[in-house]
Amino acid sequence: MSGVVVVGLFEGIEKAAEAGNALRALPLAEDRITTLSSVPLPDGSVSRDTRQIRFPRVTLIGWFAGALAGLALALGTYLLYPLVTGGKAIVSVPPTLIITYEVAMLGALIGTIVAGFLEMGLMRFRTKLIHDPRIHEGKILLCASVEPGSQAEQVITTMKAAGGIDVRSEEGEL
Amino acid sequence: MNGASSQGGGNHLARTDQGELYRELSRSNLPATRRWYAVVGLLLLVTLWGVGCFVYMMKVGMGVTGLNRPVMWGALIASFVFWIGLSHSGTLISAILRITNATWRAPILRGAEAMTAFALMVGGLFPLIHIGRNWRFYYMLPYPNSRQLWPNLRSPLMWDAVAINTYLLGSLTFLYFGMIPDLAIARDHATGWRKRFYTVLALGFRGSHNEWRRYHVASTIFAILIIPVAVSVHSIVGWDFAMAKVPGWHSTIFAPYFVTGAIFSGLAGVVLVMAALRKVYRLENALTTVQFENLGKLLCTMSLLWGYFYFAEFLTVWYNRNPEEWEVYRSYGGHYLPLWLSMVVCNFVVPFPLLCMRRVRRSIPALCFVSFLVVVGMYAERFLIVVTSLARRNDPFIWRNYFPTWVEFSILAGALAMFLLLYTVFAKLFPIMAVSDIQERLFQTTDRIVGGTTVESIARPEAAGEGEHG
Amino acid sequence: MKHTWAMAIDLDRCTGCGACGVACTAENNVAVVGEAEVGKGRSMHWLRIARYWDGEYPEATAVYLPVPCMQCERAPCETVCPVYATYHNEDGLNAMVYNRCVGTRYCANNCPYSVRVFNWFDHIWEKPLDEQLSPDLTVRSRGVMEKCTFCIQRIRRAKETAAEEGRQIRDGEVVPACVQTCPPGALLFGDLADPHSEITRKMKDPRRFRLMEHLGTEPRVVYLKRQKGAGR
């Protein structure tokens, strides 16, 4: 969501939930409503996450990519530098399994980090992000992404009526 | 504040002054005092002394240690295994307790995860310290070179290299990722250079609903991934010994035995570190007897498990009387009796009965005493395994005892000082208490009236990626 | 031609004089570390004379066992070296590559015969002793493992000579330093691939045994049991 965002602070989850319901009654689409809070709120308590969480697939992709890399490392070093050691086969299977497994886990970890960070929207240092440090005082920031103009006015009024503190419209990304 | 729910009272977070809570939990991040600088200075001194002794050893040769033929591995390798073992603390607590949703884990999460990361860093140095030509360590790295040489991945030492690096990256990620919401809170409270510092590190996390949901999924995935990595790492360290043709080392039980011992020593380490943090930064409200009692229960279980594994190993050798292995065991009653007794007494005979007593588990000083014994006993166990099997190996003509020299003692002291130094600096700069996890737990806890009494009720945390339950 | 070098040690003839160890040290640029270091268990002898006492006083006798590197077919030291500093070469010898060794000492731990020695310090040969060093071998730096090589430099020299002269290596042409020096002739060296060599005949001797054979290392060094008879 980007563009104009109307935000309002609410004391406690009950007030925020009422305001959320009021916004949805306007009507305002579910995917335009979200919250900023210092503790994670249960999904559906105030807002609902409509987008599917996709990055766990990258964990699996990373695992296989890592397994392939580990296999290449083990087989590569055996075949590029074939020396007989201890009467063992040049392509020794059990050590290959160990190395493949370890690098596979490494791949899964790296995949999760990268994809997780990207999907969470972290590291967007150059964008202006919507934020209010007062959420750490027990307040919840209810955010609604709106079209500027009449819809924004409507939302501001609704939030104020529901008990929102410092309801304002801001430019920024959520 | 929060409206009263129909079940009798708002959640515990609503009753808390979050600002006050943050100030209490972030006491370690206050500007450094003279006492802090003194402690850091002392630790730095000991670390540098250790480094100096290492450089001396590198220039003069490994002969300045007490090593000999046949005891080619000694205190340095025992320390390597010991520190990697200590690193299993964070994994157990953060990962396993996270997956099983044990709610008491919140205050000790960060401390344990930090311990894992730094114990791994210190432990990972020892393979570089103990090799004869340290300046050629890169021969063990698989890089293309003009002579077309590659390392031998059949060697358990190479498995060590791959596994420990994977685990190090995993635990650093786990530590950092877990800190992101806390860094965001710290950023919002900080001023000056700290604000810039935390702003960069928090990566723009603001606590939006979508961020939290994905954060939970990612944390769970990391936890699920890190557990098999941790198990495999210490199995591989155990296989450094089990793959050898040394009597007393060549045992199939070594992989699970070492993992159990690692978790055991890691837990004891966590108890000691958290007790120290609690004392120094006055975190009595967060680190309560609940945390320590539960750690004590886990420690009791691990002590029993360790005793079971050790007995199983001892029994098979005793029963079989295979002459090569029996000579090693005979030395436990001879020259190595003090070491063997320390191990058995400090790992099982004293801790297990004590930890069975609730009074001991609820008393932090008693628990610290037991944990200290365990740490000493586990070091004795590593030393016993490494040294005695080599000292009484196959050919009796070359049997020889081993004792570390001042150089090795200095390097060990330097390693400990380095760990404490890293930890102290970390606690000063980063949030050492998982504020967001503690807040989350308070948010989920409400008081429920059941009949004529009031009980604490904890809401079931949102299952990762499952959406609504209908 | 492929060679299979092997050694036979006749314990009936061995008197434990130690001349083989001295010859090996002289031939292979092995450092003499001094009494104090040997007392700490750091002797650099590639070939040790292990002495065991048999029986109790006054019937005690000494048993001498010269222990060189067994050059095992299934050498446990080779698999555990992380950098391939030791491997099995085409002649069936356990080769040691000094300048690849990083000094992890895992190979020494994995050798059940404990034949591998480690350079704990740098060794200096004061003048004029440096003139006794053999130019066919390096002088190893600190931090490097070394061990008996069956005098590989002599094997190489014999191969070169034979190739120059366009013939095969004759039996008895390659003589490691220890074999050359042994006064009672207890040590025998040769090529098992040669069906007519003396060592191939010795391998059929009913007195033969291998050290720690149950470990499955398949050593190339065979011992011939000491006979118990009148006056022994």
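Chains: A, B and C, in written order; residue numbering restarts at 1 for each.
The working rule: a contact is a pair of C-beta atoms (placed from the backbone, for glycine too) under 8 Å apart; a residue touches a chain by one contact, two chains touch by 3 or more.
Predicted model, so just to flag it, every value in this text is computed and none were measured.
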- Which pairing of chains gives the most C-beta pairs in contact? A-B
- Item | Identity of the most central chain, Cα criterion | B
- In angstrom, rounded to a whole number, how far apart do the mean CA points of chain A and chain B lie? 29
- Could you grab the centroid distance between chain B and chain C? Build each centroid from C-alpha atoms only and quote it in angstrom. 45
- Query: Approximately how many whole Å separate the CA-defined centres of chain A and chain C?
  - Reply: 65
- chain C residues touching 2+ other chains are 76, 79, 81, 84
- Task: Would you give the residues of chain B that are in contact with at least 2 other chains, written as numbers and ranges?
- Result: 149-152, 154, 158
- Query: Which parts of chain A, given as residue numbers and ranges, touch two or more other chains?
  - Reply: 81, 83, 85-86, 88
- Show which residues of chain A lie in contact with chain B when the two form their complex. 11-15, 34-44, 46-49, 51, 53, 55-56, 59, 70, 73-74, 76-78, 80-81, 83, 85-86, 88, 92, 95-96, 98-99, 101-103, 105-106, 108-110, 112-113, 116-117, 119-125, 129-131, 133, 135-138, 143, 174
- Task: Sort out for me which residues of chain B touch chain A in the complex.
- Result: 1-3, 10, 13-14, 18-19, 22, 142, 148-154, 158-159, 162-163, 165-166, 169-170, 173, 177, 180, 185, 188-189, 203-218, 221-222, 225-226, 228-229, 232, 236, 436, 439-440, 443, 459, 462, 465, 467-468
- Item | chain A-touching residues of chain C, taken from the complex the two chains share | 73-79, 81, 84, 86-88, 218
- Enumerate the contact residues on chain A facing chain C in the complex. 81, 83-88
- Message: Going by the contact rule set out above, which residues of chain C touch chain B in the complex?
- Response: 37, 40-43, 48, 50-52, 65, 67, 76, 79-84, 100-106, 108-114, 116-122, 141-145, 212, 215, 217
